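The structures come next, written out as structure tokens.
First subunit A sits with subunit B, and in the next complex the same chain sits with subunit C.
Moving on, here comes the complex of A and B:
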């Protein structure tokens, strides 16, 4: 079933641009970051695929590979099927095309990723922090994030700093 | 005929109408609502919620306090009229609790405002919160407002 979908995608984009992995619980394909928007539009609107629902978009930090990986979880109501896409950006200047124009809900996920991992999404309608205060320094879900001793004159450690 | 001191009367009146701020930051607020509910009726000691800090005597900090929220809590606390009391409810408000290793959680609300009574638990049962309010009453009965011109004895 999932291989059939991979074949549809491979016919359109070519086998060497899409790396297919099925050793995990959900099979996924890894693509280059420039391709992600075209691929998403194709997967959403192609009548044979119809992945109409993006139910999760999250980021993972890999300092040893110098990468931040974005994981897209799609669902197709028509085929009753889940599909996973992955794409990686470099850690120093993480920038990626926003897919808010494809699935409106992605806007919120992307703001969360920007907040916690610092990935900037281009063509996003409102690229601001989602949860943390606007003046926050750093992106706390990065593995090398270090918590400062104070935030706005409030101690950040449980024990008194002397 | 009843003979007593003026302070005693004022304290008695004050403790019989502890109005607390209608304010909850996390899941402890559910238990706070339950304390106001019919089973552990907080109303029977004259305690009702007020939705403005100007009319509240007691602030019950119910739940996890993030740094973003802590600034708002300090603002609400300063908006309350003297004499004011703070009850810290649950592990999160006491010391950060389960979330004390988080980057965004304040490790105890006593880092920003003075706390009178700590109620342990995760979350505390309504009976425990009731006990906490009774402790606030005990503190209130020990005050000498007339002598101190409305200031509290145990100011932090």
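Moving on, here comes the complex of A and C:
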């Protein structure tokens, strides 16, 4: 089933650009960051695929590989199946094309990723922090994040009462 | 937030002569938790309402990376305090998927019973609070009374009334005995007629219908585009329920309908549709609980799981149909005893993002109806 979909994608984009991994529970496709928007549009609107739902979009930090991987979970009502796309950007000055134009819901997911992992999305309508205050320093979901001891002169650590 | 947001608003603001900028929340009674809206109004008409979330961000995803698999379950209760059972469920399902643990069938039935009871409790709060927000305070008190019965049942099942931590990796913590099963039957016998009574009291009330019908219509296209899930999506007429679409646990053994919006009293996808889908869902949940209680097999309630669980490198996305729609967890393991990354996707998060679009042109009082009908819970947005 998932191989059939991979074949449709490979016919359109070529086998070299799409790396298919099926050693995990949900098989996934890894693509270059430049391709992600085109691929999303294709997967959403192609009549044979119709992945009309974006279930989730998140980022994972890999300091030892020096990259942040974005994981897209798409769902198709027609095929009743989940599909996973991955793309990686470098950890310094990470930038990626926004897919807000494909799924509106990606807008908030991307703001959350920018907030917690520091990946900037280009062509985004409102690229600002979502959960943390605007003046916050650092991106907490990075593996090397250290919590600041003070925020606006307020202590962030909790003293043990003894 | 004010000054920085204004820049973003500018292009549309200048067309209005007397716009006024108001802060709704963070302590507004109808926002259900700490949630702030920046509302730009022209008289009574809302020009734009920008949600400002994050007041309840506790970094649960970061905490997960520092907590062993089996000890993370109490944290999941705090994601959504009105429907804690679903967060329990999706987390243990995710871990079981990765660790390849077979769950005894009795435990799966117990999970379904607990989840459906919790769904009723959550919908009671949701529909009652919606009525309360738009000015009818009696129904809320009635629904709280019914919810108390569920809380009592939950207390006898697992010892907690709200933050259950009932599920364990590989099963559940407690079995139910004859007495508790009888109590659940008694509750259902009492509750099912009450839904009709409630419908007569509020659902078919002329004023209530006028406040909700044809208000804040979300088209099916928008609903999919903005990633709405659960009753909000079904209110727009799309028949998508994770219990049916991606069958998990033992839901494939039960016979139940999926109510969808049909423009019951107005147009498809208005506030009334979203409200009434929830009322109809409560009846379906009652039927599922009855079926589960009658079919429940005997046996173990927990599989043998190592105390210190280590999972080799793998990843999976697991989702369940929570009271607020599809709730998913993306779990990545790296061979240690704690997750490498846990992403929690919740229904309220995506529902909140549509407010900015739908609120344009609404009356101020209708914004309250919109937020109430979307059934957002602030801690679930912020995690």
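Here, the second predicted complex is superposed on the first by the 159 of 162 C-alpha atoms of A that agree within 3 Å, B and C clash if a C-alpha of one lies under 4 Å from a C-alpha of the other, contacts with A are read in each partner's own complex, and residues count from 1 in each chain.
Definition applied: a contact is a pair of C-beta atoms (placed from the backbone, for glycine too) under 8 Å apart; a residue touches a chain by one contact, two chains touch by 3 or more.
Keep in mind the model is a prediction, meaning the values are calculated, not measured.
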With everything superposed onto subunit A, say whether subunit B and subunit C fit together or clash.
-> fit
Looking at the overlay, what does A:53 touch: subunit B (first), subunit C (second), both, or neither?
-> second
Partner chain(s) touched by A:26 [first = subunit B, second = subunit C, both, neither] | second
When the two structures are laid over each other on chain A, which of subunit B and subunit C touches more residues of subunit A?
-> C
Go through the superposed model and pick first if A:154 touches only subunit B, second if only subunit C, both, or neither.
-> first
Is A:132 touching the first partner subunit B, the second partner subunit C, both, or neither of them?
-> both
Name the contact category of A:103: first (subunit B only), second (subunit C only), both, or neither.
-> second
Calculate the angle at subunit A, using C-alpha centres, between the directions toward subunit B and subunit C; round to the nearest 10 degrees.
-> 40
Counting only touches as set out at the top, which of subunit B and subunit C does A:90 meet: first, second, both, neither?
-> neither
Which of subunit B and subunit C A:78 touches, first, second, both or neither | neither
Overlay on chain A, subunit C to subunit B nearest C-alpha distance, Å = 5
Residues on subunit A touched by both subunit B and subunit C 131-133, 140
Residues of subunit C touching subunit A in their complex?
-> 1, 4, 8, 53-54, 57, 59, 61-62, 97-98, 222, 224-227, 240, 245-246, 314-317, 319, 326, 328, 330, 332, 340-341, 343, 345, 349-350, 352-354, 357, 382
In their shared complex, at which residues does subunit A touch subunit B?
-> 131-133, 140, 145, 147, 151-152, 154-158
Subunit C-facing residues of subunit A, complex | 24-26, 52-56, 58, 60-61, 71, 73, 77, 80, 82, 84, 103-105, 107-108, 116, 126, 128-134, 140-141
Residue ranges of subunit B touching subunit A (in the complex, touch as defined) = 67-68, 70-71, 95-96, 100, 103-104, 106-108, 111-112
